[in-house]
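Quick one: this structure, given as structure tokens, is what I'll be asking you about.
Per-chain numbering from 1; labels A, B, C, D, E and F assigned in written order.
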Amino acid sequence: MAQKSPALENVTIFSGSAHKKLAKQMAAYLGIELSPISIKKFSNDNIEIQLGESVRRKDVYIVQPLVPPTSDHLMELLVMLDIARMSGAKSIHAVIPHYSYGRSDKKDAPRISITARLVADMLVTAGAQHIIAMTMHSPQVHGFFSIPAEHLTAHSVFVKHYRQQDLRDTVVVSPDIGNAKRASKLANALEVPLAIGQKQRISDDNVNIGSVLGEVQDKRIIIFDDEIATGGTIVELAQRLYSAGAREVSVACTHGLFLKNAKKRLDAIDQITEIVTTNTVPVRKKKRPNNLVTLEVGHIFGEVIRRTIEGESVGELFEFWPDS
Amino acid sequence: MAQKSPALENVTIFSGSAHKKLAKQMAAYLGIELSPISIKKFSNDNIEIQLGESVRRKDVYIVQPLVPPTSDHLMELLVMLDIARMSGAKSIHAVIPHYSYGRSDKKDAPRISITARLVADMLVTAGAQHIIAMTMHSPQVHGFFSIPAEHLTAHSVFVKHYRQQDLRDTVVVSPDIGNAKRASKLANALEVPLAIGQKQRISDDNVNIGSVLGEVQDKRIIIFDDEIATGGTIVELAQRLYSAGAREVSVACTHGLFLKNAKKRLDAIDQITEIVTTNTVPVRKKKRPNNLVTLEVGHIFGEVIRRTIEGESVGELFEFWPDS
Amino acid sequence: MAQKSPALENVTIFSGSAHKKLAKQMAAYLGIELSPISIKKFSNDNIEIQLGESVRRKDVYIVQPLVPPTSDHLMELLVMLDIARMSGAKSIHAVIPHYSYGRSDKKDAPRISITARLVADMLVTAGAQHIIAMTMHSPQVHGFFSIPAEHLTAHSVFVKHYRQQDLRDTVVVSPDIGNAKRASKLANALEVPLAIGQKQRISDDNVNIGSVLGEVQDKRIIIFDDEIATGGTIVELAQRLYSAGAREVSVACTHGLFLKNAKKRLDAIDQITEIVTTNTVPVRKKKRPNNLVTLEVGHIFGEVIRRTIEGESVGELFEFWPDS
Amino acid sequence: MAQKSPALENVTIFSGSAHKKLAKQMAAYLGIELSPISIKKFSNDNIEIQLGESVRRKDVYIVQPLVPPTSDHLMELLVMLDIARMSGAKSIHAVIPHYSYGRSDKKDAPRISITARLVADMLVTAGAQHIIAMTMHSPQVHGFFSIPAEHLTAHSVFVKHYRQQDLRDTVVVSPDIGNAKRASKLANALEVPLAIGQKQRISDDNVNIGSVLGEVQDKRIIIFDDEIATGGTIVELAQRLYSAGAREVSVACTHGLFLKNAKKRLDAIDQITEIVTTNTVPVRKKKRPNNLVTLEVGHIFGEVIRRTIEGESVGELFEFWPDS
Amino acid sequence: MAQKSPALENVTIFSGSAHKKLAKQMAAYLGIELSPISIKKFSNDNIEIQLGESVRRKDVYIVQPLVPPTSDHLMELLVMLDIARMSGAKSIHAVIPHYSYGRSDKKDAPRISITARLVADMLVTAGAQHIIAMTMHSPQVHGFFSIPAEHLTAHSVFVKHYRQQDLRDTVVVSPDIGNAKRASKLANALEVPLAIGQKQRISDDNVNIGSVLGEVQDKRIIIFDDEIATGGTIVELAQRLYSAGAREVSVACTHGLFLKNAKKRLDAIDQITEIVTTNTVPVRKKKRPNNLVTLEVGHIFGEVIRRTIEGESVGELFEFWPDS
Amino acid sequence: MAQKSPALENVTIFSGSAHKKLAKQMAAYLGIELSPISIKKFSNDNIEIQLGESVRRKDVYIVQPLVPPTSDHLMELLVMLDIARMSGAKSIHAVIPHYSYGRSDKKDAPRISITARLVADMLVTAGAQHIIAMTMHSPQVHGFFSIPAEHLTAHSVFVKHYRQQDLRDTVVVSPDIGNAKRASKLANALEVPLAIGQKQRISDDNVNIGSVLGEVQDKRIIIFDDEIATGGTIVELAQRLYSAGAREVSVACTHGLFLKNAKKRLDAIDQITEIVTTNTVPVRKKKRPNNLVTLEVGHIFGEVIRRTIEGESVGELFEFWPDS
């Protein structure tokens, strides 16, 4: 828990309905309580929200990861921002542990939307003046925001986790080129080699791993990705690595959603010894894979909030830091 | 169907997933086809949309009422607008037959959102340059838009419907003061008296009709409201009118949602002889009250689209026209 | 008078030329003086204003109701806001006791302006960051502002006034449906019934009261409206109520302008026992109806300014509060 | 009159109430009629305007010089722009023959407003997309607009007027340094010398001419200024020139307002042989000085409108053209 | 050359001083001439530009790659856009063959600028309504623009070039992970394997290639990158590949700048058999490496301009197209 | 040096590469150090900047005159502003001692840019919230900024300088009408007469002084201008004055650039006894004319920064103050 300072007196934290538990961790880190809020739906399915405490001249932090039902949670976030803005808040901060729309960050087909930019603009329209998010799909998503953003990483908790293991003959594998820079950074920190899969997406839930660049035979594998939704990519890659002679597989991802039959698919792969994720996304008990390990990141958000309040630099908590 | 003109050559109509049938009526009125579109969800619940046809330098009309699941449908609409904007459309028109958030048009509690304004601003952020909507909750919602808006009315189809009935001893009743102006306009057109209920909302789905101003005893009643969601207000009012000596009740509303147990509640009231609504909202068969009468309004939207394309005045199709 | 706090040290209040007396009441409530200002016209009829005191890093409140000559007073307000903005004020608050353009809040004819929205946007363009107004024409006007707004009510002073009277056999009458919600709230607070006139506007200054819903015979009447300009509606309604058997009439309105021959017309109606208004609008002595009672509301504005400065909630001073 | 072209079919011209006669000249030049408009005031002094003709997809020109009562005329202009914008006009052009606020173009005292910029921003907020004005106070006012602007000059009509006179021993005199560049341009065109007064403004209507740079003794003088309001500067300068030995004085100004006792003051100076102005400002008959000569400029506006419609260059009609 | 159509009549193309030759190719493709322009510097080093032809109601295309001196060329582009906007152009398109600031697309150190976003916003501020660029540093840079953008690729010309060669035992090598997706696409099209270097940047001009993932021994190499500035990365990688047993190296890059001593450094490496680039960047003769092959891309820009004018889809010319 | 106050604790000053020495003077006046900054160019000529100290919640002042290489210095300034904005600065102030683009303040030819406005808008886009500049080309440039601006003058240091001289038979001469107001103010302060040259610009670096209004024979001359670039105007005017019988010439200008062969040209004129300028522009030793006198203005900037921090009025340091 952070040292309580006078600047914290003016801070108010609200949580949307997506992940109250994580918001509480942040508040606890700061030594304060979540402020009360009422979130309902009108009989016609419209979102209906009332903040339970005055925000006038307050520094308001609103916590909401964009997890399913994603549209409802996004709409909640927008309405909360609007209320804070129109009720005279002094500053308004959107804390979005999982910015799922970061995935739509480029135009790789005609007449589609770079929704990561659209949502960024909508957050600003609604009143956000500052964004705090963790491991957005690519580092460039940062530049979609026209307001200050802190792009945090869970790198430190993953490094801490794996350093407790025997890393001889271990290789970090990125499922595809797009995520390879992050995987490379983990490999560097763990002082193990890197390998890269050449994923080709056949459909949203159906991928083909063309080949793997780098040595994997007789290796212990750490697959590292940013998001697991239904687990399709991981299952495909784990099998492919096994065929290529890999010994066993630890799966690590920042945002573990485990939707649809992800648990069943992942539990079925014997070579997967553990699935390591953070708590940016709430997962109901019965949806959790058997060997799930959840690393807590609430303190990282808590610390960055504390620093923005105190006017301290938050640089060293950022994503995509040059390796030292 | 409208006379086909050269200006129509440049028009493209897309429908979101909310109400394709109504969008088709509009297109048919104009003598064109809906343009193809793919609307899906990514495995992580993000909306994924691709327009199936070039919109470059086209006049693009996007049809989507805000009906349940409302957040998803709103998000679809925003993404479609964004695609049209970023793909070089010449003009972009959002056709929103039911703008459900119009209901959140004032701040009648502290720290709530005037969401009707927020959504208006989000539509503009996403790319809307023109709005076409029918019977928004209050006429002032028009002023929430910073772009041209056509606020249409189904008045004409209701008048046509009721003029076919015997209107002796008939009274139009507004459930509350807020909607009374619209009810008054219907009453004037039908040349019958008006009565007004004094609704007090106890909770979103639980209302109390304090008293009714105006004569209802021994009368045939036309209850006129803008939206029926779960039917709570109507049921309460119908019973109250019956206690006050009303003979029978025809219920009319522009936007008939019939959510949750609305059908069951309404079917249980014997005095309700018919429920008249328009097709701004799609209602699945098994959700429809037994005595539902649906009046089609696709041609009204079609005609207003035609006129905006041809550069003709649309004034006489508006809501809140002074009675002549 | 409010308790003087350190936050008040940083507050500066300027008054335009519309209603210096009311601005002084607000300043006095806060225990400060109005800041000096010079307001003139150049020889070519341009507005010429100079603030008489530095506003750099100050919380600046600018008081100006939009009363005749309305265009000049609006222009003064815009220029004052512009000066504050461009001279480095910390925060800029427009206090507009009577926002007369609130009346133009809907498009009830083709090719007219929703001027209430236009003026809201102009105020923001000029530099307003916060609006404080009383009883705007409809609660939705609140949503026309893209900045925080406090929509205050004089409800409490009217209730206090009428509770001193014998309210037996009294009915509150709203001249038309549009204002009926406010009248209903007053009726509820006074625990008397409500009646509603069905006003039809023939021209701006010529109205016809079609009928009155609710009991008025042998009643003492409180007509309650938001604005009296030339008194046309009141005179017509009072006569109509008298014909319908009403005993006597008390007229209440928040904004009493009493323009043109309003005094003469109102003085001529014997049944009007008193005309109760607030001091949001300055009325020259010779324009005041004989039986005018003016209720002061300066303290309500003073209190809301104090609370916004101190960061306290202002919710309970709002218009359109749910009745408790 | 211009050759009628197909592009003109789509043009609509409305005039505010400031100067219908000049607007008619422009329309006549284009071979079209002014479109009907209703301009009134509500009983509470609010501006009430209705355009009498559809503007949907039209190129709309709105003519209004900012002449007394200036605030009312400015407000009319803003409302007309707003209506055009919100009614779906294709393009919106504000034709402001006299942009009187151009005079407030610098901050020559603390805590005043550069109102020329504020008004420019307000016009854009209201919907203007293009400005056409004549001889604004300084050429830099052009840069206050964030939209295309045509800054026209009456130079050609003044040159034509004076070339018909005997210009031997004639000097063009600018009353002050600020206007000297324009006067210099006229002197160059007439091939006569220039002299410059050193005006010091004591108050808005009271100036002192410190000295005159350049030869004026035994000369025939053409005083050239941009605006005459009450005539104070001209009277002071004419007398001063007379004392310095000038023979006779012709006064020329683009915008002749002749407010208050201007006529009386000017008529009293015998040395003033003529007062030459344009018709950018309407002057009632009884306000006109005896020896007033009015040069018509409607055709210049007409021609620039024609060119902007036809997509032709309007460069050679501009103010501040380098002398050839 | 494209078929000349009526829509082309309205098109005007201007070139800044960066690369007139390429602009001419585009114009020639469309069958028109570049419009005249004067670009100079004032004596105080300010940029001074005059367009030599009216742009009123024209579709204006302004061609300027951001090549050294980059700040001057960027400023020229901004000024040209501003002139087009303020002179009444109908539409304004910035054609930026090399958007060099695309490289600053993420925040990989504290307190640096995502300048790719800043420059995008500046282009919009200056008047750009549409962007046409080729191979920006990452596909996400597309999302930095708040206006429609066409992100083109030279993929087709590289494929055509290499298909004429013997591709047995050939490997495409990406110098680093960041560019690997593009290299992968080229490898796929050529049906050869991919290898990826693990570049670590020590300073801007000093890189270390940690290791190479994939087989390179006894292979013919095609190094594929997006930009060569001083050639540091290429030289380091070529040497490293040679040590690893590669046979010979063909270097390919979209944007070949060849600054400082690039020619000398590259000419010194014998294994480099050819350096293939496009003509997005002008290179003076004496700066060109000996074995430089320049592929022309003017027709790609010409075709995309033609299609945007004609309202045709440009999808198939895009970057980051899914492999078919 | 200013009295150190608590408000200064929160201030951070960065200097771009244009004029570090002047920035240091400002910091020294405030009793603080310049904050560290790294300014480089990437190998592709892109600007690369990193602020060396956290700016979160700081009042950030960024000092950069727009001097050659002007485009680079402007781009540096924009990037620094962007970093401050995106790193959470509390307030951002651009201190631009010489705003060279102020010269492009009007449209005196077709299809040119009012670049002074464009640059103002770009500064705001990049993040500037407040501008501090000295002697911009005309007072109207102030109005090009949509944010608060302090337009400072070096008037006081020039007056102090000249009051130490024998001013008998002295005349202040403005080279042209445009600058005459400033020269007039200096003349008034020194209680000497004014004369005005009638400059005609043949090309950017070639002017012709048509004639001089006012007495110069046998006079000692003070030529007063705002900027000397290559000295063309001064040389031409000095020679012309000499021919007209002037005795000797002191040249004064606020912004002394002395570019190209200015030193040589000015040194060649014997009658020029001194050239007085301020240190808003850095001049390398070998570029300085022999008789250059540099007056320091760092304290003026320091004082205005101190006052804006302390919330004091800065009015009396402004340009274009009415003479007292």
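Observations, loosely collected:
Methods note: a residue touches a chain if its C-beta (ideal position, glycine included) is under 8 Å from a C-beta of that chain, and two chains touch if they have at least 3 such contacts.
Predicted, not measured: the structure shown is a model, and the values here were computed from it.
Centroid distances from chain C, each centroid being the mean of CA atoms, peak for E. The chain with its Cα centroid farthest from the Cα centroid of chain D is A. Comparing the contact residues of chain B and chain C by number shows a mostly shared set, over half of all numbers used being common to the two copies. The distance from the centre of chain A to the centre of chain C, with each centre set as the mean of the Cα atoms, comes to 50 Å.
With centres defined as mean CA coordinates, chain E is found 62 Å away from chain C.
Shown for chain E are the residues in touch with two or more other chains, namely 54, 86-87, 109-111, 114, 121, 313, 315. Which chains touch which is summed up as A-B, A-C, A-E, A-F, B-C, B-D, B-E, C-D, C-F, D-E, D-F, E-F.
For chain D in complex with chain F, the residues that touch the partner chain are 105-111, 114, 116-117, 121, 138-144, 146, 151, 177-178, 180-181, 184, 193-196, 198, 200-201, 211, 213-214, 313, 315-316, 318, 320-323. Residue ranges of chain A in contact with chain C, taken from their complex: 54, 56-58, 85-88. Within the complex formed with chain C, the residues of chain F that make contact are 130, 147-149, 307-308, 311-315. Those residues of chain E lying in contact with chain F across their complex are 40, 42-55, 67-72, 74-75, 78-79, 82-83, 86-87, 100-101, 103-104, 109-115, 118, 121-122, 125-126, 204-205, 227, 229-230, 232, 257, 259-260.
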